[in-house]
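Each of the two complexes below includes chain A, the first together with chain B, the second together with chain C.
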Partner chain A sequence: MASVVLSEAEKVYIVHGIQEDLRVDGRGCEDYRCIEVETDVVSNTSGSARVKLGHTDILVGVKAEMGTPKLENPNEGYLEFFVDCSANATPEFEGRGGEELATEIVNTLYRIFSNESTIDVKSLCINPREHCWVLYVDVLLLECGGNLFDAISIAVKAALFNTRIPKVRVLEDEEGSKEIELSDDPFDCIRLNVDNVPCIITLSKIGCRHVVDATLQEEACSLASLLLSVTSRGTLTCMKKLGNGSLDPESIFEMMETGKRVGKTLHTSLQKILDKEESLGTTRQKVGFLG
Partner chain B sequence: SPHFPPLENPGVRALQRQVACEPHRVTPVCWQMRGSRSKALHDRALVNCQYSMATFSTGERKRRPHGDRKSSEMTLHLKQTFEAAILTQLYPRSQIDIYVQILQADGGNYCACVNAATLATIDAGIPMRDYVCASSAGFIEDTPLADLNYVEEAAGGPQVALALLPKSDQIALLEMNSRLHEDHLEQVIEAASKACKDVYAVLDQVVRDHVHEVTTLLGE
Partner chain C sequence: MALDHRRVPGPEESQAPLLYAVPGEAGTEVPGREAASLRPLLARAGLLSQAEGSAYVELGGGTKVLCAVRGPREAAEGRGRLLCEFRRAPFSARGARPRPGPAAAEALAPAVRLARYPRARLELTALVLQDGGSALAAALSAAALALADAGVEMFDLVVGCGLCRAPGPGGAWLLQPSEAEERAAAARLTVALMPGLNQVAGLLGSGQGGPPESWAQAVRLGLEGCQRLYPVLRRSLLRAAERRAAEAAQPPLASKSVT
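Up next is the complex of A and B:
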């Protein structure tokens, strides 16, 4: 992971500030940096989103392709995740350097989405046992500025919200062979319900307090973090401890409460932005990569 | 050893507006420049490139972003092009990394990379002999076409990729696919050269505007 070198004095400065609920950039312990979300930025995809959280820049593209359902779930479609750490983020990611981080992120995403209430995968089925929609969710890390998991989960939720899957009809002829017909109207499509898609909130323990949305510098001062997956209703679906340090059970319960609180607010703001983009429709001015 | 200015914002986002047919088609490319001191040559700088395509950049999903044959070939071409253009003798025992990331592909990938990399090199303050401007060209229905898009490339006709140093009219890279009668070659190269010069005009204007803005903000 991209890391920054801090002197002892800088670390002490950051830690002491956080004890007083004052971070280096003036935020409180439970404040996020300014988040920019934009959907539909890549035209070759079924859905896409770009999220900029401070210096962290994530681009997610979702491609819907026809595939065969998995043997254990013949009536469902499925999601496949892939993470690419671009060398632009840090030269350490050149070649196969980013694979470790990518695997960690992919595994976390699979864990979050393994819950059957997250996405209605039954709606992705076309012909049981024969055809289904496979959603390939590809995450591209353009820049690392701390708090990767949060930004990635926001981008994945936004991209899934933006995904438009073409409507298909199954035609069966007398011999019983099935044919799949794509709708003539390119705007005829099904959308996904992302109300139950959780967002990841990472809480980093610094000193005796914990902070939300740590920058690279704050992550360097933190020995342990708790990664929580929170739905819009405040339900915790997944929890993971990161880092070399240890956490005592008291702190874990406190962090869980903070995570749930912050998570609900994050979901409300995100949904507001997504609905606003949706309501503007084609009149929306796209910033894309010029901003 | 040379000192490279610290990069607060290491990503330089350069957009290429494809000249000719449809000026609103854009192939966005992001990349980064930095200097480091690992295993370099004694008399000049090492230019290290990586060409990577996002898996969702093409119409059909790409399974590997980089490391496959096509990407390795592009990486090598970029390296050769920029080793020719950058004044590497000024930075012995150093390494210059150029990482190009294709976010959306609609034809002319290599050319967009070269143009973006030129702008980023200039932004990084690394001295070059000249701008390197690239454009593709093809020959369809007895007409030379400049800057082919994906549909035109997929049609299977001859394609020429040309990287040019516009002031001296020197060719840094010339590549051709498929079959083209030699009588037509000159027209096609002519079309590509003209497109390169048009791109040069745009890039030059962008650089001048940016420098003007920066110096005004610095109050000089």
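Up next is the complex of A and C:
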């Protein structure tokens, strides 16, 4: 992860402020920075989204391609994740520097999405054992400003919401050979149901309190963080401890409660914004990358 | 026709036969077990001659983990580093060869006093020989034992405990699941605790665990399990130290010439 060098005095300033529920930019311990979400930013994908969370900038593109179902699950499609830590994000990612972080993010995403209730993968199946939709989700880190996991999960959820998979029909000949026919209408597509897709909330332990959405400076003061994946109904689907420090069991229980609270609010605001953007339809003004 | 002995005459992609098996009618009945019962644990430290520290942990029911620590070795950077590698033997899991396991160096870092090893690196390799359930938890315990056996300065041992939640609504959390229970589980959790300090060193969970109260209950159960396993690991370290002292005290055997 990108790191900043902080002096002892700056760390003490941050820690003392957080004890009083006052962070450096004036937020409370459970407040997020201003999040900007825009979908359908890249035209060559089946779905895309861009999320700006303070100085963290994530771009996610989803491409739907036809493939063969996995042997263990012949009636389901699947998702493949790929994370690219671009050298633009921070100079530490140059060359192979970002690979460890990318592997960690990919493993976390796989862990969350391997849960069968997250995405209805049975709807991605075209022909059992023969054809299915494979969704390749590519995450690009454009800028790293702290709290990567949260921003990535929001972007992945928005991109999956935006994904349009073309409808296909399977025609069977007399000999039994199957042919796949793409529907003529380019707007005839299936949409994914992202109601159960969780959002990641990272809670960093700083001093004796925990904060949501830590900036790079705050991450440098925190020894341990807890990563929670919260669904819109308040259930947790993934839990992971990050960082080189240890956590008290009581803090873990408190963090889980905070994560559930914050997660529910985040889901309602995100769904509201996505629905509003969807309702604007073609009249929406695209902000793009220079906004 | 001459056989080409350089090529292995087998299919390029092979699958385990279990994937094609039709599930039998008489389902294997898993005998009911107490949720908080621990499987018997065997821990032995100091068994590899080529490593500074080593440990072998076996859980009743077939989980076998071997861990070795080398170091401290000289490193170029300023801070001490702990490099962990968790590997699974290709035949360790039932079914297909598994993908590489999760990195769990963050669970061991809180226990090691890395500040005492500037410009040094500690290399830890854990190998899961057989996965009979709770492999990650056993690997974390073995890793901490191996570090202690190597004489690395530590704040406390790290004890790992695995849990899984039975499928179905309102499933109970089971401590140290077996392989069958883990495969059928709705959610899995591994907790790593430093029992002497009562600090959670590592936490990794995934699945449909339900609301935070259910996860909190699971974490509490796991921490309790870790506290119960702590004396076993401590005894194994003491025994390894006694063995080493006894070997050092023995006079070297005189060589006999064969006539």
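In this section, the second predicted complex is superposed on the first by the 291 of 291 C-alpha atoms of A that agree within 3 Å, B and C clash if a C-alpha of one lies under 4 Å from a C-alpha of the other, contacts with A are read in each partner's own complex, and residues count from 1 in each chain.
Please note the rule applied: a residue touches a chain if its C-beta (ideal position, glycine included) is under 8 Å from a C-beta of that chain, and two chains touch if they have at least 3 such contacts.
Please read these numbers as outputs of a predicted model, since none were measured by experiment.
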Three-chain arrangement built on chain A, chain B and chain C clash or fit: fit
Partner chain(s) touched by A:244 [first = chain B, second = chain C, both, neither]: second
First, second, both or neither for A:8, with chain B first and chain C second: neither
Partner chain(s) touched by A:86 [first = chain B, second = chain C, both, neither]: first
Chain B versus chain C as contact partner of A:96, first or second or both or neither: first
First (chain B), second (chain C), both or neither touched by A:20: neither
Chain B versus chain C as contact partner of A:179, first or second or both or neither: neither
Least C-alpha distance (whole Å) that remains between chain C and chain B when both complexes are overlaid: 16
In the complex with chain A, residue positions of chain B that touch it: 10-11, 13, 15, 28, 30-32, 34, 36, 48, 50, 52, 54-59, 61, 65-67, 97, 99, 101, 103-105
Parts of chain A lying in touch with chain C, wherever the complex brings them together: 71-72, 103-104, 107, 111-112, 114-115, 117, 224, 226, 234-249, 252-253, 256-257, 259-260
Touching residues (chain side chain C, partner chain A) in the complex: 15, 19, 102-103, 106-107, 109-111, 189, 194, 197-212, 215-216, 219-220, 223
Chain A to chain B touching residues, read off their complex: 42-45, 48, 57, 59, 61-63, 65, 82, 84, 86-88, 91, 94-96, 136, 138, 140, 142-143, 288-290
